[in-house]
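Both complexes below contain chain A, partnered by chain B and then by chain C.
Now for the complex of A and B:
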């Protein structure tokens, strides 16, 4: 081989700009910005400071659940129970804190007790999901499908036991501030989410456990042979998902000022959809917190813009579905291009 | 002794859903006089038929390790078209039209999955939204009433058996014949067990996968028709999240989500089992808020025993090798 050949071989291939964009991990972000700009010309209100803040606070609770879901998706599992954890944690937490004969009412630590209750519900359900998938070899889809059915039912039943109303209100003011409060104009929930996202990103990219997650997702058998404690890795992914759902429930409950058993009922497919649109694979081994953030941002911006346009629910459904589909098709094309090299 | 006990455990685990079914029937039978009557049994099958029909289609999809989340939206779209556009038509004309529409819905899923190579989960998640959106547009977000002739069909009986059960029986027999006796049926199992090996063996994987999603689409539409003719009006939440009980019925009947394992009869058994529990709870005047709790526990137990069976089987086979060293 001559020196000239070597330079040609080592010269990086220059891809056309559209291909580079298609292959970039910022594709979803670029699409979101593009969509936003197009919408700006149709509904200028979308760029108003209030709307932007609205989008920001609307995406916070969704983002936390989606971050938890990312861990489970990376190990090639799925957690359908996340929305029911949100609902169950919401009513249990509210029943502890509420001024109407709450368990911890008047004890002086009702908010702390409430938050502990939220997290306890999330981790207990997460532990259950994790145990069933890892110790009893049950498929995570079915385990979390049954926990979803069980706890969405249980949340409604729990509410009927506690109150005649359809939700548990009269929560302490300080707690509501977690969901609604603002610091220097920015929602307080943003801080919570930043911390969660920071920790999650750190775990995935900088710790041994993070590497294990990807290894298990790509090939559990190879991971087991290499000494990765596969069962424990998967188990903790479900616990993390449960806890994240509980944190999300705290934010939602604070925002709505009541513990509601139907909270999060309709976000199940949004949560999985957001992560997958961001580029997290349903088959495991592929995913980043940043991607999930982009996916959630994308879905939230679409939701908000359709809401601003005042479209009937029929169009909202149809447009949202088409956009998810378009994103999925682009992702599939991108994947094919990547494989081809 | 150990081997005997192992075999006994295995036998119990293998027939766990049946044992569960028997226990439930005995318990409910003791708790309510009206439960163990022929009329109630017909009633249970009648109410289970729409879920069973859709779950039969879902079984095909699960057998190739796919999934279809859009069946609920497909149901609602069929009902909306039937109630809004096909009002004047007699059911004998209208029903096939709607079934073809369901086929088209399934074909859209199939094109995206096989040609554009998008994951089935995300494809059908998207078509769920689009399908429901189109249906809501047709219905104007209002209740869709059905014509008299459709309701008459829903109420009619033939040889003392409600028409819903007849439709269900026809779908079941066709599905059974297709899976058991045709090349296509064997190809479905082969692709589910190992798609790469199936492709190497010369099976046109894309075409079979395409057909499977079309079958699921038709079944969802027919299920929508049957359910619609029973409930008289379709509200805007008709079929909402029906994909979950449908998948649960298939899994309860022993169908694997990873493809290659399952049967139509098992699925039908699963659908009837779920309906039996619901019916039993109604008959025993249980608190309605408890229904989902009991049903999810039963599904959980069935799947739990199924997974334990696999584990026990593995352990038994390992033991055999150790016991007989030549």
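Now for the complex of A and C:
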């Protein structure tokens, strides 16, 4: 090594702009915008106000589930049961509110009762997941896989008990407005999601519980020795995930105007995928609400653009898969960059 | 060894053609130069001791030789040819074996499977069928070569730390290694296991294998090595034959100054305060039996003993991590009925664990996150338990300065990038932020360099002077003798003897620890 090399090596690095972008936490947002602009030239209607609103409304329920999932991912767990919570909560909530012999129909508080029913289903399943994971030391993958299977079936069974049809309709108009309504041109669900995201962000970044979540995800043993109630922290992450799935179910059910046992069936991979694309680590200890939002936005924009292009479903899946793969490769590259420096 | 054979050997070393010759090795990480023109050479059948403080560049040098990292500049000659390994496997194939501090064995596999994990003997060459009987036979030969009297089918998780090390050596022999690098091989070995390891190393030397031996235990280096090279801040500050080297000289080369007093003085005669920890009859089947003692404010109480004597187990019980079947614990005079870490912490206890990587730190998190972890609740309040981030950040910064963590930016620097000594200071800082009244330290200076040790000792002294009670577990007798007011010796889960300052006698302490000798130390 010559003397000149040595001075270069010891000089503080100024990264080129593209490297800084690659390392920025806004990378996924930038990629989304880039993709959007490219798509704009191919399918100009993607930038139409209606399409944009559509993207926004489609994002909302997915985002709430993904926010709940983020909590579980941060403690190095996974909640596969989210789709079945959405389905179960949907049919139970609908059965309480429906005009066709709903349990609370005509009581005057049917909407409130219905919403409570949604949230109750979400928290009960979340509590069950949390208890099994923490008290019996079971891997969350197995616990939530089994709850997913059980409640997917249970939701269908519950529907057949309640009605001859395959779903429970005739829901109160006011309830449907939660999923479909607009205030000042913006979806009402946007307000719900902003509140949920705001609370979630606050919990993660400003509270003791938030810091504990990261600690448990990074090193549960060290956390326990440092006085962190590790089991409780994990338990509540699953409850939060369950409640978020229930809130998402409210938005979905309102949007579809009916309680359906097959609701949310296909969203599981979108949820986990969105969080991971955003930068949340499957190994725990790493994640932010903002990242999850970017990930969900990314996936929703891709979905919408492929829909607009009118491609057959098979090619939609293949293209979506390739785009996610490309994003994952870029993400992996940036980690290598981080390590190498 | 007589003087003449030593002299003859020294002459041979000076004259012999080097098997491994490192010249002008440079390496930078993130623009920071960690190795600057490092050079040394090694002959077949010789042991080179490599010493230096943490962060001095020993591990980086070895990682380059072992193929883990690539050099920026320099040259390595190995066995008469230019050597530039593409990766660890390439290095192993060329005959360089690297036995890491954290052993790289698969615990759920058998010894034989571990020995051949990269290259199983095949039934038919080129086809992926393992020749199991050949593997077992070859494994048995390799185990015999390292005096390990175990069946090759034994699972590795059944082995002690020392036995696992021997399996690693057998693995190196199996790969026909010409150079074997040992990184801190004795930190978790008992005295007997260490002796056995040294016998094996001497045998390898006699077979013409070259050894690079990295250690903080300078007495071991003096005992084992033919040549000693000292590194400091990425530079070679000295290379010499053992006969020209002394421990004092190594230390002063390592630190660049002479540490006149490794153990800083404290006023041992100062009157002790009220009891801060009362332990009466603590028993847990299989680990500890009828442990009773009292720790007073301002006192440093040491616990000595061999590995497996129940010292760490006792500490874990006292801090509420592991259960106990009978006995009573009082912290600050208050009986603790159902101890958990958070209950013990609320009563003013703190616990520095033996294994800082696994249980002390979040390696992937920044320094400030780690220091804050156990004190978060003291900074939360108001709506939804919101953390007062400004006050927390200020106190964490102050703490990091007061325990002298050397890092520019405690918010950005990840703990995994710190040296062992600095990592330990992070753990200590985490607990000091709670201002503990009882501080249990389990091997507080394990694997950290002399300078950092001295700083840890100073922190312990100032805590004791400030009225905290310190319970200090250590495997280094010197350290206990240098630091403690009293030393308890544990063996087989019991307290065998207690000595007051003034009547510390190293031999007697050791005898108490091994009083029924062979059986306890073979664990």
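Structural remarks
FYI, the second predicted complex is superposed on the first by the 329 of 341 C-alpha atoms of A that agree within 3 Å, B and C clash if a C-alpha of one lies under 4 Å from a C-alpha of the other, contacts with A are read in each partner's own complex, and residues count from 1 in each chain.
Here, a contact is a pair of C-beta atoms (placed from the backbone, for glycine too) under 8 Å apart; a residue touches a chain by one contact, two chains touch by 3 or more.
Keep in mind that this is a model prediction, so the values were computed, not measured.
Of the two partner chains placed by superposition, only chain C is touched by A:285; chain B is not.
Contacts of A:328 after superposition on the shared chain: chain B is touched, whereas chain C is not.
Between chain B and chain C, it is B that contacts the larger number of residues in chain A. When the two structures are aligned on the shared chain, A:24 is found in touch with neither chain B nor chain C. In the superposition on chain A, A:313 makes contact with chain B only, while chain C stays out of contact range.
Contacts of A:160 after superposition: chain B is touched, whereas chain C is not reached.
After overlaying the two complexes on the shared chain, residue contacts for A:219 are found with chain C alone; chain B is out of touch. On chain A, the patch touched by chain B and the patch touched by chain C do not overlap at any residue. Every residue of chain B that touches chain A in the complex is listed here, in rising order: 69, 112, 116-119, 121-123, 125-137, 141, 244, 247-248, 251, 256-258, 287, 289-293, 295-297, 299-300, 303-304, 307-308, 310-311. Of all residues in chain C, those touching chain A in their complex are 24, 26, 28-33, 72-73, 319, 321, 341-342, 345, 351, 353, 358-365, 369, 372-374, 376-377, 380, 384-387, 389, 430. Note for the complex: chain A touches chain B at residues 132, 136-139, 141-143, 145-150, 152-154, 156-157, 160, 269, 272-273, 276, 282-283, 312-322, 324-325, 328-329, 331-333, 335-336.
Interface of chain A with chain C (complex): residues 1, 5-6, 9-13, 202-203, 206-209, 211-212, 214-215, 218-219, 221-229, 285-286, 341.
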